[in-house]
Structures are given as structure tokens and as C-alpha cells.
Amino acid sequence: MSLELRNINRSFNGKTVIRNVSFRAKQGEIIGLVGTSGSGKSTLLRVISGLDTEYEGQIIMNDKQFEGMNSSISFIFQEPRLFPWLNVLENVTFGLKGSKDEKKGKGLKILEQVGLSDSSELYPRELSGGMAQRVAIARALVTSPEILLLDEPFSALDAFTKMQLQDLLLETWESYHPTIILVTHDIDEAIYLCDRVIILRGKPSEVVKEICFNEPRPRNRTSSQNAIYKADILNSLDLTKT
Amino acid sequence: SEGNTDGKPNKIRLDYATYSPISLVLKEFGFLEEELKDEGIEIEWVFSQGSNKALEFLNSNSVDFGSAAGAATLISKVNGAPIKNVYIFSKPEWTALVTLEDENIDLVADLKGKKIAATIGTDPYIFLLRALNEQGIDPSEVEIVNLQHGDGATALTSGSVNAWAGLDPHMARVELESSAQLLYRNPDFNTYGFLNVREDFAKKYPGYVKRVIEAYEKARKWTLENPEKVAEILAEEAQIDLEVAKLQLERNDFTESIPGNAHQKAIIEAGKILQQSEVIDKTVNIQEIATELIDSSIAESTIK
Amino acid sequence: MGKLLATVTTTKEVKKSQKKQKTNTLHTIIFGSLTPTILIMLWELLCRQGVFPTYQLPAPSVILKTIITLFQDGSLWTHIGITTLRVFIAFILGSALAVILGSFVGLYKKAEQLFDPMIQAFRSIPSLAWVPLFILWMGIGETSKITMIAVGVFFPVYLNTVSGITGVDRKLIEVGKMYGLSSFQLIWRVILPAALPLFLVGLRSGLGLGWMFVVAAELMGASKGLGYLLVLGQNTLSPELIIASILLFAIIGKLSDWMLKLVEKRTLTWQDGFVQQ
Amino acid sequence: MGKLLATVTTTKEVKKSQKKQKTNTLHTIIFGSLTPTILIMLWELLCRQGVFPTYQLPAPSVILKTIITLFQDGSLWTHIGITTLRVFIAFILGSALAVILGSFVGLYKKAEQLFDPMIQAFRSIPSLAWVPLFILWMGIGETSKITMIAVGVFFPVYLNTVSGITGVDRKLIEVGKMYGLSSFQLIWRVILPAALPLFLVGLRSGLGLGWMFVVAAELMGASKGLGYLLVLGQNTLSPELIIASILLFAIIGKLSDWMLKLVEKRTLTWQDGFVQQ
Amino acid sequence: MSLELRNINRSFNGKTVIRNVSFRAKQGEIIGLVGTSGSGKSTLLRVISGLDTEYEGQIIMNDKQFEGMNSSISFIFQEPRLFPWLNVLENVTFGLKGSKDEKKGKGLKILEQVGLSDSSELYPRELSGGMAQRVAIARALVTSPEILLLDEPFSALDAFTKMQLQDLLLETWESYHPTIILVTHDIDEAIYLCDRVIILRGKPSEVVKEICFNEPRPRNRTSSQNAIYKADILNSLDLTKT
């Protein structure tokens, strides 16, 4: 599904947070969204998801204007947002349709992939921070959505687990090419995963820069080109320079 | 009520009630306050919603004088309440059997197999049992539905029951405003209005019991002389129509105020009926208790 | 139903849109009084048509007349005033006791084992049942009346306080503990605010029950008050008095609840809850 | 107080330590019946000493005898059975209606404006006030009795349902919406579970109020039931019958509450709340 | 304050999570705690803080055995854990004692330092993820605790803000030398901030390695030595090797 944002503006209590954000994501593209804390990245994802309707501007999906909810979108929120009354497996299969066994099968498979097979019976209060985040990731990926909105999905994971899950995301992408919008503050991650990075800056924040990475995937995590990209992005983020 | 050393209460507490018009008159005109003003005795008035509230107040030492129906007083006495009856505030015909015109019940005998509303343990209930008894109908041949007095009236007029052992002023009101009519009346099946005093008070301050009775007498005389005005007072106090109040008063006989044999007989009859229906324990000697309850001496010595 | 899916906004934003609605307050009031107005009109009509005879169910106009009469001879204010005062005092006392006991029971297992079983047992005893006992223990003065109403207030507040406390997020309590708060500070600064939503519902429930207990209270030798009016109406079979007092109960009860609801709205602005559509 | 600061553990761990306590259940029961036992012994003593005369407050032994007599002639089970049945049916009906109406009012602003003001007004009308109206509308059969009890159950459940819903974490609702849940599914799968703690307190409050409304219900022409026993006791001025029925109310009310409490414990194991010391 | 752990064991429902963890932190030392997701880092911090008492082993502070709470410890939890009914400033000054003005002054100063001066009146639900985390950091630092337990304090921050706050932490440390235990999954961060890194691994997890960094602070974020350290740590973390 292709996705286009046209002149999105969003204000809270009269204070504009996002101004005139426009970009287009082709079907199957992975777009990174980078910006300092409080620059409106989560807000933008909420606008795209349809959860927030108090914006100005247009959201266009597959060339049709779109308002309200769309069940082919999955959203990994910045917090895990697990249902405390469901255990890990039930949380993961929450959005699945079909027979009980089918759901259970799919759920267990994805739990295996995020490394939580042992924990399928635990309740959210018994999970570590990173485990909860992995459950949230599993819950979003298991429904095979056409558009994936990821809000810092790997932030609570150690370097090692993080790499595994980044690769899991790429595998998922390989299998049916969903469109992915990935908010991240890990620039290496953006460079490793994305086709393009959009940088938000300013108060209210606007798109200040777009950087395309054309290397074919799978990419090298430590190529020298990466350092250049990284410096470029960090430079664009730096608020001290205007 | 806590006495001084010289056998004088600080305060006398009386109840007043819409079923005792004399008490309303007494309160309205303050005869007792006037009488006892010089002695510095305070008078406190407590409103009684019904006989059993008055008796509850007496039992819990919340009032010194309480007005209740004779039968209710008897039941309380059977349960051991330390009270005695010293005065009769009226010979009321406050209860009768009531039906609606279109129920086609003309005789008590027609009640067989019908639904009748009554409040168990109260005068209307005793009245119903005695009326049935008179006709040789066993209580099991009718269906007695236990409803509070006011609810019985509503149940009757809305057709939930066929008849109702009614009580004034409800009875007067439905009589005036609906097609309800009195099926059977018998003033002698009513058990009189008893003014009761706590034994404790009577023992400590016999003189003041007398003074209260004197004041009641004064109010009674006034009542007899001014029936119209009493009706107004009643209508005002009970928030009812003047017409209803008048009808209720018509059925009250205020000529006899000294407790005596007639009263004793009435409550003994009531007591027997209550024993039959197991409201009062069968082993109790009603005769004895009735004699113990009614103390006519003070009234006799006060009223010539 | 589909509409529900449309928007979720935070309370703050709703406030903004409520500002828009301020001009629409009138609209809300009209909307809110729609149902009662229709019902009352229907009722009047049916009475005029003679479907309900007056001795059973008098017309609203008759009831209004009764209220106006009471109002004109000045006794209405006395009745309302004394009952409101009783409920008010009892509400304060009852809910204070409920908070104290509820906090203890919520916080300490020993306190729960000691008190809770008894309190739960008392909770299902009808108000009328207390009347003779209260007269016995406390006579027929204001003490017994206020105690009776306070009993009504006590239970819902107690129950909600206990539940509120045991439901407070452990995570927040831990923060309090890290700052070395004493037990009292912990209750005051963390547990109570966090349990506030449940606690406020308890207060509103309790107030409602307080109004309900007024009748039982005023059976104990009252000669003034709304409960007295009601029982008088029942004892003298005047339906207009009964219904007039029911209406007064409804109106005053509604007003008092509305005040608590305002407090609730004020104190819970921080809640990031579900927003109605 | 200092002890409170000591530990906070999650519910799961407490369960473990509760296993230890299973052997101590006896201890808990003994502890819980401590207060009532002492009170009853004191009461018996005072009665024997003649501090309370029997016409006011009969001794516990006398009351026990009354209950045993009722039990032996078989009527006790009828009284308890019929009242319990009424309360049970009314509880189901009243809380079902409360959940439905409460969900609507909680979810939709329009529904709130339309119904809530009226419901809040009705909430403070005493049970006794309904009696004549119910007799008028529904006669004196079981309908009016069950409706009366259901009215009592309705209000707390309604109030807590509404509050529960408006207090559900917006964040979780958003997750539900992202999965394209219909309004009904959203209520069933997200809002109700999340509002469960508040809702369960409402149920317990409602059940308690149901028991309280039994007396008013059984004023409407009952010839059996605990409320009937109580009113009979009041009409025939027999304190032992009054207190016997109060005791029965207390015991059965406590039992029914205990069952709801078990349900509460079962369904709320996931709660990561404050743990009592 | 010095801090010593001796043979700490902790089990949940009979499953041991941490086994035989012992280490000692000198007064003023900054110790990093690294391990994969679910390896028991947060659990260990809870044990040290006194919130969790169901452990076996001993905690020794300033050479005295210690049990229960200690108000000279501050804890930044893995989630922000802000009080939803308090605004940002009130949250920050929650643990402070003293007059209102004093508290407000201190609060505003630290808010300035974490870059939230504009947001002091906002309620938690109006904050972005990173802002909430910064409030939590401010709340912990403002009380000048003797021991600071930090559980992934900078995980929700963009690269740029993260650096600023790392420097803020070092500044705080310079001013009165608190003992700091820092759980992190950002290895660069550990290398930049810590005197020593302790690596947890295994199921149940144990201390598998300690690495000391002796460079004086402030350190260079991109020295070549760092890459070596990093490879070393990543290697020790890698669960595929045993």
C-alpha cells in the first residue's frame, strides 16, 4: 500500500507541533523518521494511523484519501501497551482472526522468533522491559499488516537482541513487502534498515532533510559509508546550528 | 425526665399523633406548658408515626407518655414492656372492612376465598379476624396479604386485593375519593386509643401523671366543643383534606376517657384472637396482663 | 456504533472542544431534560384523561400545587433545610470514618482480617432494621438520625476506598517508597490520589445512599424533614405528598450529586481515560 | 506504620506466600471472628446482668432459640430461600440493565446527556418511597418485589460501570482500535476487562443494596421472606424476631458477598496492585 | 557511599533468575551493568534499592549490612513512572524537602538542564516518550542522592539529546561524586560513562566478565580504543557462543 502525507499540521492547545509535513512512501518502502525528543514523530505516526483526527492536511493511501481507522495498518507504540489481563500468548494473538488453534500456532511461531517461547504463559507484570517490547513487536508483526508504523520498537533492547529483531523485521519485509514507517533514534539502525530517512527539526518541526540509502539489503552494519551518513544525519539534527 | 430531689421531673416528654386528635389539640394550645410553666418543667413533643413507633419510644425511654392502640399496647406488654395505661384518648372506629363497589362483595361471608390486605398485628388485622370469626370463617379460607396500612389502600384501589382491613385516615380518604365503601363496621371490635405511661415515670412522679391527665381532659373538652376547629387542626397537621379529616373525626367518640371494664374486655378479646393467630404466645395469661396493664385509679381520681 | 471508532482524543483536547460547547451548554441542558419533560407531559395527560385516578397518582400540576403550598407557608424550606443538614453532617462523618477504616483495611492485612468480615456482614442489613436498635441505643434525638444516615454513607465509601487502595499501581507506590515516604505520606501523596477515581465514585454512591437512609432516620421521632413528609404522606394516604417528597428527594439528590460530579471533573483532569463520543 | 515500608511484592509472589498461609486459613478465620465473638459474649453478659431488659434487647441465646425454632418448624428455609431467590434474580436483572445502560452512557456523550441526569436523580429516592408507586404499577406479585430489589442493585453497578469505562486507559483502547475492533468488541475485549476492578466493586455494592431493598420489596404483600420476618417483628413488637432477622440478613449477605469476593480474587489475578502488609 | 553485593540470588516462582552475583562499587564509582534482555539487570537494581526483599545474599553499604529502604538512594526505573496527577514540575520536586520556593527553584533549574523549561506545566499524558524519560531523570537527580541506580535512563532519547544528558550525568557526578550503577544496552554509552562494566549472562544469569576503562573523563566518544572495548563486550554478550 502506498502512503502519502500532504501538508500535515497538528497543534495541541493552539501550539503547533508539526507544520507542513509532506512525503510519499511507495508500496514496500521502508522510511525512517528521525528527530529530537519531542519533535512530533509519535504525533505524526498517530496521525497516519487514524487514531488522531484533529490534524489538518491529507493522508492518501493507495491514491485514495483516507480518514478514520484502517485495519491493514499495524502500530507498535512507543510503550509496549500490553493488556495486563492477558498473558503473553494471548496478547500476541489479540488481533488475529481465525480458529483458536490457528491463532495459537501463529502466536507461538512469532514468539519463537522474538525469543520468548519460554514466556508465553507469563503475564505482563512478570516481564522485563525488553521482553514486553518484544511481545508488542510480535503482536504487530503477527497480523501481516500492509502498513507498519513502528515507534522506536527496539529502544528497550540490548545491542544483541536488537540486531536479531532488526533482522526479523527485514525477514518479514522480504516475505510480503509491507510499507514501513520506522521512528528511531538509533541512526545506525536507520541506516541499516531504511530506504530513506526523513529528518524532522524545529519548533514547530518541519521536514528539513531527506537522505536516501541505495545499498541493497542485507547491508553491512559497519561499512565506512555508514559513518558518513551518520555524521550527515547528526549534523542535520543538531539544534545548536540553525 | 431525670428528676430533681424533690420528685419533680425536669422535663416531661409526650408524643403526639394524627390518630390522636386530642394530642394535637393539647400540643396546639399548650395547655400543659401553661400549667407547668411556673414549676420550670419543660415539655417536649415527639411525633409518633404509628402505634408501634409510640411503643418503641416508650420502651427506649424516649418519651414518658405514648399514644397507641389498645391491642398494640397489649402485645408490647406481653413482651415485657414496663408500661401502663392511664387514660383513653378516644373510642375510635378507626378500622372497618373496605371493598370497591364493583367487587360485588356485600357480606363478610362473601370474603371467602378472596384476597384481603391487612397489617399483621395491628387493630385492622384483629378487626378482620374477629369479623371472620363472627361469621364462622376460618382465616385459612381467605388470603390475608400483609401490607402496611397505606399500601393496603393503594392495593385495594388498584385492584390488587379484593378487600382491605382499613384504617383512618386512609379509609376516610379512599371512601371520599374512590368507589370504596365500608363492607362491615363494628365500633366494638376496635380496641380504643390508649395513652400509656412508663411505669418508672408513674412510680416516681404520680402527681405529674395526674397533671398530664388533667391537661388531656381540658383538651378533650375543647375537642368536644369545637369539632370544626379540631378538623382543621387535624387537616393541617396530617396534610390531608378537611373533608377527610371531618369524616375521620366523625368516627371518633371522645366521651369516655377513664379506662375501665369495657376497655379491658376489648383487649382481652383482641388478645385471644392474637393468640389464635400465633402473634401472641399461647401460654400467656391474657387476663392477668390486661389487668396489670390498665390502671384506672389515677384517671378516676382526676376526673369526677 | 461505528462512530465510536472515529476519534480518541486526550482530555485536554476535549476541554478545548468543550469550550466550543460552552455556548452549547444550553443545548446540553435542553437535551438532558428531554426525557423527563416528555414523561411528565405524558403523565399529566393521562391524569387529565382519568387513566390514573387522583387518589392513586395525582397529576404533576396537583403535585406542583402541593409543593407551592408547602413553599408558601414556609415549611418547605424547613423540611429541606433540616434534611439537607442531616445528610450533610452524616456525609462528612460517614465518609471520614469510611476513609480511615477503609485505608487501614486496605493497607494492613491484620486490619482486614479483624474488621472486614464484620463490616461486610453489616453491609446487607436494611436501614429499617436499624431503626429500633438505634432508638434503643441513642434515643430519638439528632444523634440517632445522623448516625443512621452516616451508616448509609459509610458502606459504599468504605468498599471503594479499600478497592481503590488495593488497586493502586505498584509501580507508583515503589516510587514513593524510594523517596523514603512514611506510611502516612505514602497514603496521602501516592495512594489516595491514585485511588481517587474509585474513591470519588464511592463518595457519590455514599451520598445517594445517605439520601435513601433519610427516611429510616426520620422515622425516629422526626417532625420535620423530607423523610418525615414522605412517611406522613404514607400514613395519611396523601399521594400528592408522597410524590411531592419523592420529587424533592430527586431534585436535591441530583443537585448534591452534581456538586460531587463537578469536584470529580476538577480533580480528575489528569486522567488519561477513554473519551466519550 | 513503619512496617508498610518494608516490602512490595507482586501478586504472584504473594500467592506463593499465601500457599504457606493455606495451613493458616484456620488462623485467619479465628482472627476474623474475634471481634464478633467478643461482642456477642459481652452482649450476652450484659443481658444476663439485666443491663438490657429483654423487651428491648434480648440475649443472643434467646435469639438463637428463636432462630432454632424457626428452623425446626421448617419455615426458616422457606424464608431464606424465597428472599435469596428474589435477590438473586433481581441481582442478575438489575446488574445486567446497569451494565447495558452504563456502557451506553459511558461510551456515548449523547446517551449520557439523555439518560444520566434522570438516573442520577432517581438514585437518591429512598426505597420506601417506591412502595406505593410499585404497588400501583405492578400490583403485589413477585414482579414488583423483584423490580424493587433490582432498583437497589442497579444504581451502584451503573455508577461504577460508567466510571470504570470513562477511566479506562486511553492507551489500551487505542490498541484495540488499531486492530479494527468493532464497538461491541472494543467494549467486550478491552473496556470491560480494564474496567473490571471498578465494575466488581459496583457489583458488590449493588448486591449489598439489593439485600437492603428486600424489606421494601417484602412490604408489598409478602407472606414469606426475611424482610417479611423483620416487618412482622416490628409490627408485633417482638425484638427477638427483629434481631433474628437482622442476624440472618447479616449472615446471608456476608456469604453472598464472600462469593463475589472470590470471583473478584480470581478474575483480578493479573492486577499488579498494592499488596497489603 | 560504597556498595557491595555478596552472593545475590533471586528466584521468581521457583525459577532462579540471578545466581551468585557479587561485586563491589567504591564510593564515587560508576559501574555499568550490561546483559541481554531478561537477564535480570532490573531485578538486580530492585534488590539493591531495597524494593525487593525476597532475595538471598547480602547487600552491604558503607560496610554495614543493609536491609529495607534507604532514602539516600535514587532509582530511575526502566519506565518513567511519573505521577499522572502531578504536572512536570510537581513530579520533579516530588522527593524534595524544604520550602515551596526552594523546591520550585531547584526543580526549574534541573528542568532547564534536561531541556524541559517550556514544559513544566504539562501533565504526563501530554509528554512525548523522551520528555517523560527526561522528567524521570530530573526527578532522580534533583535530590542529590548518594547512590544512583539508573535503569536504561536514556533509552527513549534521540542520539543528540542522549549525549547532552550523558554529559549532564557526568556533571552531576563531578559535583559530588555519587556512586552510580547504570544499566544500559548502549555499549558506547557504557564506555563513555563507566569506570567498569559488569556483564551478566546465562540462564540463570551470572557475572561472566568485568571490563575496566581507565581513561580519564571527559572521554572521547569515538576513540579507536572504544571499538576494541565494544567488540569485547559484544562478544561476551553473544549467547550463541557458550
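Just so it is clear, A, B, C, D and E label the chains in written order, and each chain counts residues from 1 on its own.
One rule holds for everything that comes next: a contact is a pair of C-beta atoms (placed from the backbone, for glycine too) under 8 Å apart; a residue touches a chain by one contact, two chains touch by 3 or more.
Protein identities per chain, from UniProt: A, E = ABC transporter ATP-binding protein; C, D = ABC transporter permease.
A quick note: this is a predicted structure, and the numbers were derived from the prediction, not measured.
J.: Please identify each chain that touches subunit B as well as subunit C.
T.: D
J.: How many hops, at fewest, get you from subunit A to subunit B via touching chains?
T.: 2
J.: By number of C-beta pairs in contact, which chain pair leads?
T.: C-D
J.: Measuring from the mean C-alpha position of subunit B to the mean C-alpha position of subunit D, what distance in angstrom results?
T.: Using C-alpha averages as centres, the distance is 39 Å.
J.: Please compute the C-alpha centroid of subunit A, do the same for subunit D, then give the distance between them in whole Å.
T.: 48
J.: For subunit C, give me the residues that contact two or more of the other chains.
T.: If we look for residues of subunit C contacting two or more partner chains, we find 5, 8, 10, 12, 56, 131-132, 136, 170-171, 174, 177, 231, 234, 271-272.
J.: Multi-chain contacts in subunit B: which residues touch at least two other chains?
T.: 56, 59-60, 148, 150-151, 154, 158
J.: Give the residues of subunit A touching no fewer than two other chains, as numbers and ranges.
T.: Expected reply: 12, 51, 69, 79, 125-126.
J.: State the interface residues of subunit D toward subunit C in the complex, per the touch definition above.
T.: For subunit D paired with subunit C, touching residues are 1-5, 8, 10, 28, 31-36, 56-57, 106-110, 112-118, 120-129, 131-133, 136, 155-156, 159-160, 163, 165-171, 173-174, 177, 182-184, 186, 191, 197-198, 200-201, 204-205, 207-209, 211-216, 227, 230-231, 234, 239, 242-243, 245-246, 249-254, 256-258, 271-277.
J.: In the complex, go through subunit B and note every residue touching subunit D.
T.: 52, 55-56, 59-60, 72, 75-76, 79-82, 117, 119-122, 144-148, 150-151, 154-155, 158-161, 279
J.: Tell me, which parts of subunit C touch subunit B in their complex?
T.: Its residues touching subunit B are 53-56, 131-132, 135-136, 139-140, 219, 221-223, 228-229, 231-238, 241.
J.: Spell out the part of subunit A that touches subunit D in their complex, as residue ranges.
T.: Going through subunit A, the ones touching subunit D are 49, 51, 69-71, 73-75, 77, 79, 81, 83-86, 94-95, 123-126, 143.
J.: In their complex, what parts of subunit C are in touch with subunit E?
T.: 10-12, 171-172, 174-175, 177-180, 189-190, 193-194, 196, 269-272
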